[in-house]
């Protein structure tokens, strides 16, 4: 079998790669995402795909495209992608016309979940939920060894399950979504608030930015927590506890064998996961009498989407 | 093909029936559930099954048994069933030995979901969630035309997703489960509280019981609401609104095409569903740009479990 | 006795008046609040006071000044006033130097509460809480016939009692303050959200603005609710219910005989108060065995502060 | 001046004492509270008072009686006292008739607050709130050096301010009262839940009872926490954090200079107060620009009520 190409279109960059059927990346390419309309973005994707195909000098079986928004059940049409300002884009038809290759389009959380399931932390599992903890919360679901898309392609919006009635307003227009409590943005918000209250304890954390609570950024919290800053450690515990609550709800509904935690915040590892695991174990319904899901850190990180998209392209 | 037998073991009665492959019940039998150990209960089930098999005078292909508790992935073993005080019961082996027929054991929410999917309100759907609103909240999930059990047989515990952090204590040992807000018990609690505050308005409702708020029962609330009692109507709206919130969370994660609402409270129909539907539509993430799930009332009611269990028995 | 002068410094305008000992306003003056520092604002206040004093041709006993921020126990010093960007302003000393008149400085909620207590809806009460429902929530407390200031002049910040743990962020830097749920801003937020979901029902409401949910303003909600728009009526009920919860908490702690509801939203009268009163009556601890506070609409409205400040000036 | 007698009628015992005008107890007496009607209880109180008066051989100026329920504004009539099953009891008239001494009747939280204000941890303060953390939460308020009773004698029910909308049901008939989160009962509930989840860590705590989480009692939690049991320490932190939230709300409304924390749980001292103080300081509105209330532990403990009641008897 030949190679397939996976493409992950993010809000700031396009990441593409030619991938073997074993999930090995043989060649990658990267571009800044243009601030123009969907046609221009897909033209650039076509250019990258064509370039990759020419470089690797091997037949390309197909292209898998991951986009940050819900995709219809035929994996052709992007309903909307807020970060790209796309609405109702027939991405498959456009990209097939431009490249002459077969294309499947898929939600970005879904391709990442598939990548981790096939070649990453989820290898060997049956029912897996990927939870990506980045600025927001995304995810994807693999059930019985198949990517689960829902009836209309919109399944897996796990960041928008409600955590707090009448809670913090969410970018989605509603209130109290778990994304407002268990994400990287929440981590920074909590760290800033704690640092403002307890400046002397937050010396390490504050020293990494401009010295003010408002100057604290996500990477500072991780670095400070690793160095033992008690305020940064506590911010991770607060966010990890909310994450664990979210996982307990997912487990009540889906009962997966594995939760894979990805996204930028997941590099903090046990700083985040210890409190998430403790909370999951204390909030899991019927815990004493049933097996519990395992929590793992994602292995493929930024490449999960690319690798998953490439693999789904074979599976038309 | 012959008949199969479905059995639904509830806390108070055992309901069994011989069912055609088209879901038609040709003969039923019913017993009070004995207050003794699992062996005695299963002996009685075996007696009922044998009696039904003899009566219908047709070959029986198998037996499907629904039990109110999680069942292992091989559909043999009941982890625990609190209403029956069962723990770790090898129900399949015991019942196969006693009847000589092939048996599958399944969670009661799962068999009811399968029954509605195959022969009830969910016919023709692909991804369906059954939500049974009885004294508590149960349910079952059918995805891609297959019953979804989760990795350990414990999926579909939708009544125990969290609705309110630090909320009302639940029988499961945790706090704030949606079951405490959107169930028949919640309906009675709300109706009693409203009736205590606003007695003059609750004249119809109070007249159906002993005249006191404490005497209000679930059937009174439904009857009074149908007769226009404003307090009973409001109690349904409160509970329906919570139900809609729960459905919105399920839709964010699972994106089904149909929610089927069953259980004793579902006979109230639009009294419950109007506010649930309104809330689902206002809380569904990305509503304007995606199709929404439909809410339907269950059609098979008490027989959904029996019919679903019988059908699953063919499907070993 | 002569007249006294009351001054209410708001974020957009300065309102001043010469007032008799019976609370009658004999002459008023008004200026836009300058966007400059505290000294410039107080110079303008001095100018207005001097002009009023000259015009009325009667001895002026003193000046009472209301400012939107906490004032120290000696009624001299403004700790901070966010709308005016004041911090640590010795307002009494500055204004006494500029006018040659005795001055008392007081929080704006306090002077309004005193005005309503002496000459408005609270006449004859003993323990009164004024709740001003404007863009935010403010208030003042009169206990045993005396203005209650607290140990440090910061009592009466009733808009910042917590209503929802981990709730909507507040301008004060914390989360879930009752001000985020029971204020005019909350009314507009709820009305917009309901109008976006149920456009056909919100025809009257939408017709008063630019036709979009985002174009809905506070005055539109009141006007539409009066005309029977169901969405506007529901927005008032939601906000009134939260207001009633806040009043129930205040009653548990303070047990006043009267709540006076003022602020711009209070002109809606029973649209707001019916659900507030119903909620207070259902949430008041020990209701059946104790007298309950009465809820009244403020009578002096915009002039409550001016009149109250003038009266407090006599009472040094 | 002579002595006065203070009496504290609790659900299980009657505690009485003869007290000097400096708050010194010269003689005490104690009886079990009879399980009979109000007349029998007050007869026993009269007997104790007469005995004390005879023993001390000094003129008695009056009797102050503390009862666990709201008392009318004339300090004569007990509206209701749930622990004693009293309803509408004219306690003052009955006790004056039986003893021939002048009597004042007062709420138990009020007399304790007055005792701590005059002779305990609140000496020298102006505005004080006593928060008694026992099985539930009670309290009393002293403002401007006077006991604050509210318009109907029902002020100071601070345990029944709402902490969580739709939260844990309270004995008062409503949901989510702070008493359900920051009391001794909450401490035991949290300790049991944590011990059930994390038995190995709770070794000290479990060893103090019968070895099971259900066997954990309040005194065990305090003793185990002092011995370093991490589960017991965490239970105190959870409850102390809720207590701090409650204090922040009281401070927003009342701005006292001192919070005195009494009740059985307060003997744990900093185990409870460290997290309460940290939370108050982080949740106090306008913290950076205003003085904050101080948190102190009660000094008079069980005798606060007796001493306060005796002192109020002088102050008719």
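All chains are identified by letter, namely A, B, C and D, in their written order; residue positions are counted from 1 within each chain.
Going forward, contacts are C-beta pairs under 8 Å (C-beta built on N, C-alpha and C of every residue); 3 or more make two chains touch, one makes a residue touch a chain.
Quantities reported herein were computed from a predicted structural model and do not represent experimental measurements.
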| item | value |
| --- | --- |
| Maximum centroid distance from subunit C, chain identifier (CA atoms) | B |
| Classification of the subunit C:subunit D interface as same or different, half of numbers criterion | same |
| Subunit A-subunit C separation of Cα centroids, rounded to whole Å | 47 |
| Euclidean distance of C-alpha centroids - subunit C vs subunit D, Å | 34 |
| Subunit A and subunit D: spacing of chain centres that average the CA atoms, whole Å | 52 |
| Two or more partner chains touched - positions in subunit C | 164-166, 193 |
| Subunit D-facing residues of subunit C, complex | 70, 79-80, 87, 125-127, 141, 143-144, 146, 148-158, 160-165, 172, 174, 177, 245, 248-250, 252-257, 283, 285-286, 289-291, 293 |
| Subunit B - residues contacting subunit D, complex | 164-169, 173, 175, 181, 193, 196 |
| Subunit A residues within the subunit D interface of the complex | 165-166, 193, 197, 281-282 |
